Amino acid sequence: MLSLLAAASSSASSFKAPILDYHAFAPEIVLTGVIVLVLLADLLVPEDRKVLVTNLAGLGVLASLIPIITLAIDGHDRTMFGGAYVVDHFALVMKGLFIATGYVVLLMSTNYVADGDYYEGEFSFLLLSSILGMTVMASARDLITIFVALEMLSLPAYMLAGWRKRDPKSNEAALKYYLLGVLSSAVMLYGMSLVYGVAGTTVLADIGSFFTQFDSQPGIITVALLMIVIGFAFKVSAVPFHFWAPDTYEGAPTPVTAFLSVASKTAGFVALMEILYVGFLSNNNVWGPLCWVLAAITMTVGNLIALRQTNIVRMLAYSSIAQAGYILVPFAVAGENAHALITAQKASVVYLLIYTAMNLGAFGVVIAVARKTRSGEIKSFGGLFTYAPGLTLLMTAFMFSLAGIPPLGGWFAKLFMFSAALDAGTAPAIVLAVIAGVNSVIALFYYASVAREMWMSPVPDGDVTPIRVPPALATALAITVIVTVAVGVYPPLLAKLGDVATLTRAF
Amino acid sequence: MLDHAYLIPLTPVVSFVLILFFGKRFPSKGSFIGVLALVACFVMSLVLAGQWISRDKTIETLHHATPAQLRAVEKTGHEPASNDAGGEEREYKRAPVVHETTWFENGPLKIKAGTLVDGLSVALLVVVSTISLLVHIFSTEYMRDDRRKTHYFAALSLFTSGMFILVTSSNTLQMIFGWEMMGLCSFMLIGHWWESQDNSNAALKAFFTTRTGDIGLLVGISMLFWLAGNTFDIGRINSMALSGRIDQGLLTAAACALLVAVIGKSAQFPLHTWLPDAMAGPTPVSALIHAATMVVAGVFLIARLYGVFWQGFHIGAGDGYTPVAMVGGVTVLIAAALAFVQTDIKKVLAYSTVSQLGYMVMALGVGAWTAAIFHLFTHAFFKACLFLGAGSVSHSGSHHSFDMKKDMGGLKKYMPVTFWTFTIASAALAGLPPFAGFFSKDEILVGASENGYKLFLYVGLIGAGMTAAYMTRCIYLTFFGEPRGAAAHHHPHESPIAITGPLVFLAILSVVAGFAQAPIFGIEAFSDIVEPAYVTNVVSHHGFFGILAGLGILAAVIGGVSAYTVYFLNRGPRGLLDRNRAAHAGYAFLANKYYLDDLYTDGVVGSIKGPIARAAYWFNQNILDGIVNGAAAIALATGRFSYNVIDQKIVDGAVNGLGISAEAGGGALRTVQTGKVQQYAAILFGALVIFAVALWRLT
Amino acid sequence: MVAVATAQNVAFWAIAVVMIGAAFNVVTSTNVVRAALSLVVVLAGVAAQYILLAAEFTAVVQVLVYIGAVVVLFLFGIMLTRARIGHESDLDNSNRIPAFVVSFAVFVLLVALLRDAFGHAHINVSAPSTTEQVGDAIFSTYLVPFEVASVLLLAALVGAIVLARRD
Amino acid sequence: MHDWVLSLAIFTPLIGVVIIMLTPKENETLVKSIALLTTLVTAGFGGYILKNFDYDRTKTLQFGVNKQWIEIIGSRYHVGIDGLSLPLLILSMFICILCVIYSWDHFPEPHNPKAFLALILILETGMNGTFIAEDLILFFVFFELVLLPMYFMIGVWGGANRQYASIKFFLFTLFGSALMILGFLALYFRAGHTFDIPTLVQNASTMLPHNSQLWIFGALFMGFAIKVPMFPFHTWLPDAHTEAPTVGSVILAAILLKLGTYGFVRIALPVLPDAAHSFAWFIGLLAVIGIIYGALGCLAQKDLKRLIAFSSVAHMGFVMLGIATLTSFGINAAMFGMVAHGLITGMLFFVAGSIGERYGTREMSRLGGLLVQAPKLGWILGFCAMASLGLPGLAGFWGEFPAILSAFNPAAGLSVVLFRWYMVIASIGTVFAAGYLLWMFQRVAFGEPRDEFAHAHIHDLHTPEWIAWTPMLLGIVALGVFPALMFKLTDGAVQQIGHSLAMVAR
Amino acid sequence: MLLNQFLFLAAVLFCTGIYGVLARKNGVLVLMSVELILNAVNLNLVAFGAFNQSVAGQVFALFVIAIAAAEVGVGLAIVLLIYRNRKSVDLTGIDALKG
């Protein structure tokens, strides 16, 4: 295996500056610029006008969508740094998703953070930093880049989780998230070091072609791969690496929770796709069963525990764990054959897109309702329909979308997920699909219990003053609900975006 | 009329609709619509009968074919080629006139609906329309002030049309329609005074019991549909059955199934218990049910599908025993015995009906097809007369009571017309010459004797004796002796013309109807007209047998005389005196009643048939009725068990249990979420090791 | 060459033993400050191993960043959280045995794997990669992570200040 | 118009929903009028379909539209109508109008006509869509679309135990449909990468090995059987019916249950005839168990609506028995049974709801003498009871008798002896039906009113009730007397199914 | 030199770190244990770099060092935050969120 690396190591004492394709980097460059601007603006804007900073951040995020669109129109894939950084359809779709998510989270947090008198400027700054990490992650095709992107998106998130500084629960959330995050990234790093040791390269494409030479791989690779998967399993909160999630979600500021449950999770899946599909496609005999087990226990455990939750955020936390289980299903079956691989990628991306909209929306309603009730208990939603019919309808839509009931977006995500499993068609795949099916029934119970509270229960404290939803939050809710419903009714809207076979086109 | 026979069932249907929706607006509450409709039906039936008779004649002369030749054609079992080609109807003697239209289609199969007119249906149409007309007329008076007169007449019309549909059906599917329509109407009419729980119970029981029999009907007709080659057509079913091309086992099974239906509908042992209870309905309804419709439907079913029964039970073999005959025979005796112990005049008549239906079924079972139908024919008149007579008594004599012992007695002098008509009808029922019953019963006895079913000859004779005896008792208790109860206190008087008119008319018919088939005089008009080809060709015909007639008369006389001895010669009144004394002795009323009932029964009835009748009655009330009622109770208990235990605990429990265990599982898993960050970390590394080992071994 | 190799081995083992001892002290010491100082020893040992592996630049960075910055941070942390400088009995929680079992299991696993995979692989440090090469790599292939890392440090700085400051 | 009419039939109610949503809540009359108008317009499209339907080609899909929909998974917007769909589509439109009329001033607590009517209209979209979908995914979407409105209808407007009942209904159905969609996907991947039902009917049985067919059929079976519902998956039904508001019960009984049986006839049998043969004995068994079991359940009931609900289990047993015979006779009977049950049981629920509303209770032991206090209502109850127990001349008979009839001679390859036993058991079931229905009728309608209601003012029929019920009653009679009205529609299509079933008979 | 010398040493550090993370109560000590783990990884990376004769190992290690520093900063900030609210850095007492 050493001979392979001869070319890489021998050369060049003379440094040749790389020729950079600035168009390809434009989204990140814009984003970085906005980050710096936000930081500067925060210094200049007086304390009572901080909302301007948030608005600036929002606009900046939207601005970074422009180069993504131009890149998409341009259409051809850009590969840089020997394959370490790739801007292709997949990357663009995911970048777009991250940026859109960031925008919605900003909208959701505008009033939340301002009302709580937290550090608004820095909040936006950290949020944008994390999004920057995610956009980089979408293009990263190299272990080092992936690692740095992961830390880039994680570190601000650790801090955001503890943003409500005076709240011990928020502190606790940050601590748990941080500690477990650091440990799991350490495990991942250890795994990466082993991979590097065996393969001699950090570029995924090279790792991929390196491993295709072998019919069987040594145990070290099995475990190294396991360690890497664990790092991202933590990120996507797959059981048994999920323990941080409910605690952190509950303790963190709700917009941050929304962000974690959506963007951070998506980033984890994106990395997982890159690593497994590009770097370790031939090792699917390892990660196939691994993802199978993870998917099965993740959705089952997540759903079962969610049944017993009384706090809405905590319930949504377990719900998002269970959802991660569903998203893992395509991973479990992707390695069966080339066709299944493509379906699996599409299924994962479509699921992530839809999941993002509906889960963000659900948190949006939670934030809106908590503005009045000041409570996170599911019971506090009692009788919502009588005084906030609009929010009730929205929450109902999000809940049943998460449950996968047509004609709300979630059904199509689930359908595609099932479709991926059955496309593989092997017995384990079908068993997994059946497990997922049963789980989606269990899940309905707790999703519907929220609907039940809202529609069928009396108002707990009898206070029926209407809820005033600030415009930013209302915008966020509108965006999410439109996506959720529109995709459910007319899935082709998203299906095009999900058509991301580019990730593995080379193979 | 032969080509428009559908008008006969249609007319009362129209009248039903009219009465139901517009009846209330008329002062008569719609009764006249019903009467008019029935007049029309009556006239049409007579015209039809006339046309049928004359058609027979014309065809016979046209074709110059002898019955024997036709029989030869029929016996080959193959239909004439012209029919297979879908050409003309077989236009020879006794061939039915069939008019059909496609009801619905199932693929290539056309299910038809239509009318079939032949001798059997003509005879039944005449009987039914006559009786129904009279019942309608009778009811205008009898139900004059009823609060639901409109409903009553509507149901009466529908009931009649049900019977019309049944008898004119060209196919078995349509027969089910008529059959069940009558079930429905009997339910409505028996339960007419549904304010009382007893009445509605009786209605339910009637419907439910006949419905139980209908299991057989549905199964039997389904089986015949397939066995006869995908057809409901009666003619084809009969010819297929007779041709022997149907698997014998299955055919017998189908016949058995249909027999079950007959047992339910025609109140044969052991499903007869609903019929006496059905006396809860208004008396004219009882007359209609017992004389012309409903219960005779079962007999009609056997007659109509005689080929099936003939072949299915080997009736022609004459080996002394067929299930059909057994059912009939047992019913004859049991019901006759039961008639003895009734105090309710209508129940006496009801058991008498059961017994007479037993005769008809028995006759069919022994191959005496014509005798059975003839008995049906004559029985209709005298039984209608008896019921209407009983109605007249209660209407005008006993103040709406039917209790012979409590509220009647000595009514002869107040109600002469009723008395005489009742007596004539009773004589006809008892089988005394020259009344109608004599001729028809004699035919049955001949059939049983000559077709190789001697056992049933004796059954018939014993039954005849018993019939005479209980009718004598009935007449005595009603019309003779001292007036009692209501009869003594409520100024009995003769009924008005609307009631007596039908009585007289029916009494006359009870006399003359018998002469339609009186072999003793060489008259065989009834069998000539009525027998369809598929019957004529298989059954044997016998002439007049003086000895059997004599035996029949003798049996009736013995029964009548012995009852006469008991009742008219002072045994009866003494029993009544005893009863009154005992009442004075101060026992609690109910206890007294039953105690003295026992005494009475022991002392009076016991001298003739006491032990047997009592045993039969006990058996009837406790065992048979117990089973019928018990079946309901068991069904209810089973239902409760299956609902409360199986459904709610096991099936639903399993479902809820899954839910509970899911929640419990969630609860258990929650305990792992301790909130201690270092435990989480430990699990992270522990999972790492476990997964690593597992995967390492796997790959 | 053999001599060089032997010297390298001797140096390795000497440093390794010290490192392991210090590492154990970090996790078992009952004195927080002593634990921090033991950590310094470990970190320095790691730097020394880097030199053995001919990664001088990395070793320098190790010393500068870790010993120069990180350990100082730790000491600040210790002081800010007012840990006692001296002996402290309850620095460990009640999970020492499970913790040992888990960590030992991981160790066994790793050792078994490494033996299996790299049984007799030798490291040849004859042609070490120079600092220049490292620099070239960072500014070409790994340019993106480098830029990102700079933003990362900024973010960590800002965030940590917000979190840590009193308000 | 020809191309559009089916889509209009599906989506017009949704337009109505949008308009209702935009109407102020306070203006109830306007809301009601819009709802009524919407259902009428939808039915108008139904009328157009009825008028232009080619009754000589009932087995071919008409008014077909086949457009691209979700390309990425190969699902298309394919709708069409044939003899199987038409009666059910019309029934659905019809029932929806009547429900809107019935609820005109009958809105159960907590009132809110706006939401209630919107739910009815969404339900209509789902139901109409299911009956004309010719693509499995489209079918699935509509099949599921009815869940939410019905959930809320039961859960918000229902009785005391509504929360339990509504979630139970939802969970059961969802469980079935989760497996069903797996079956659909398996069909897609194993039988030519298409969700198109007609294409699958052509190809599936040849492309699929027997073993796969069995598995897929099993999955579809679960989905449909729960919806029907067949024993032992029926337990959601009594709860749902008991708690649902009247209109909810009516729609549930009249249409929603039919989605399951329709699924069998439209998808499971023709697509997987081979497996259908293997499953037939089992379906038949569950069907006859359901017949007897439902009847027994009825006998134990104290609540009027619950009794009717259990009777549905028994009646759907007949429908399933017809289907299980795999003969054209049986399937025709099943189709008839669906429509008949829809009308009859729908009516029974209407009446039961009206009784409950008047007396404030549906406990049969507390009722009695309905005929005294409200004779018309009482007789209509009696009429429906009679229709329900399969009295010839009324619609119920044609669902029952041909099913029994066909069980004597099931499709080639099925166990004749077994099915003949089913026939006998099913016949016994008719007696039970008579038993519980008459018993119910006796307790509710006969006798004198109980003391507690002796002086209550019980209004006989209201105008909305008249308007809503008369067409249904007429329909029951008309179908009973002229079964060809239905058989003519279904027969062609059923023959085709029967033919494809016969092709694979071993 | 054998590659495994370094790898085993790294493994020892790694597992010692794990033990520390799991068994230590004091937040700062836990962070120190994390540093042990990260250094183990770095040692791995550099050893593999030498073994593979590529710079990527060192580059990777450099990134890890830089980011580890940032992580420690953030971690200490969080620990301080907790200390400020709870007056203790005892991790075992932090279990308000569970279930």
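Going in written order, the chains are labelled A, B, C, D and E, and every chain counts its residues from 1.
As a convention for this text, a residue touches a chain if its C-beta (ideal position, glycine included) is under 8 Å from a C-beta of that chain, and two chains touch if they have at least 3 such contacts.
Model, not experiment: these values are computed from the prediction.
Novice: Would you pick out the chains that touch subunit A and also touch subunit C?
Specialist: The shared contacts of subunit A and subunit C, listed by label, come to B, E.
Novice: Can you name the chain whose C-alpha mean lies closest to the mean of all the C-alpha atoms?
Specialist: Centroid comparison flags D as closest.
Novice: Computing the C-alpha centre of each chain, which chain sits at the greatest distance from subunit B?
Specialist: The chain lying farthest from subunit B is C.
Novice: Which chains are joined by the largest number of contacting C-beta pairs?
Specialist: By number of C-beta pairs in contact, the leading chain pair is C-E.
Novice: In whole angstrom, how far does the Cα centroid of subunit C sit from the Cα centroid of subunit D?
Specialist: Between these chains, centre-to-centre, one finds 71 Å.
Novice: Provide the C-alpha centroid distance between subunit B and subunit D, rounded to the nearest whole angstrom.
Specialist: Distance between chain centres: 37 Å.
Novice: Between subunit B and subunit E, what is the gap in Å from one C-alpha centre to the other?
Specialist: Roughly 96 Å separates the two chain centres.
Novice: Just the number, please: Cα centre separation of subunit A and subunit D in whole Å.
Specialist: One centre to the other, that is 42 Å.
Novice: Where does subunit A touch two or more other chains at once, residue-wise?
Specialist: Expected reply: 9, 144, 147-148, 151, 155, 159, 162, 165, 174-176, 179, 183, 197, 219, 223, 246-247, 308, 445.
Novice: Among all residues of subunit C, which ones touch two or more of the remaining chains?
Specialist: 93, 95, 98-99, 102-103, 106, 109, 113-114, 118, 129, 133, 136, 142, 145, 149, 152, 156, 159-160, 163
Novice: Two-or-more-chain contact residues of subunit E, please, as numbers and ranges.
Specialist: If we look for residues of subunit E contacting two or more partner chains, we find 3, 14, 17-18, 21-23, 27, 30, 47, 49, 51, 53-57, 59, 63, 67, 70-71, 74, 77-79, 81, 91-92, 94-99.
Novice: Going by the touch definition at the top, which pairs of chains touch each other?
Specialist: The complete list of chain pairs in contact reads A-B, A-C, A-D, A-E, B-C, B-D, B-E, C-E.
Novice: Would you tell me which residues of subunit A are touching subunit E in their complex?
Specialist: The contact residues of subunit A facing subunit E are 2, 5, 8-9, 143-144, 147-148, 151, 155, 158-159, 162, 165-166, 168-169, 171-176, 178-179, 182-183, 186, 189-190, 192-194, 196-197, 200-202, 246-248, 250-251, 308-309, 314.
Novice: What residues on subunit B touch subunit E, complex-wise?
Specialist: 670, 673-678, 681-682, 685
Novice: Please give the residue numbers of subunit B that touch subunit C in the complex, ascending.
Specialist: Contacts found on subunit B: 678-679, 682, 685-686, 688-689, 692-693, 696.
Novice: Mind pulling up the subunit C residues that touch subunit B in the complex?
Specialist: Touch list, subunit C to subunit B: 93, 95, 98-99, 102-103, 105-106, 109, 113.
Novice: Which bits of subunit B are touching subunit D when the two form their complex?
Specialist: Against subunit D, subunit B makes touches at 102-107, 173, 176-177, 179-181, 183-184, 187, 191, 194-197, 200-201, 203-204, 207-208, 211-212, 214-215, 218-219, 221-223, 225-226, 632, 635-636, 638-644, 646-647, 651-652, 655, 659.
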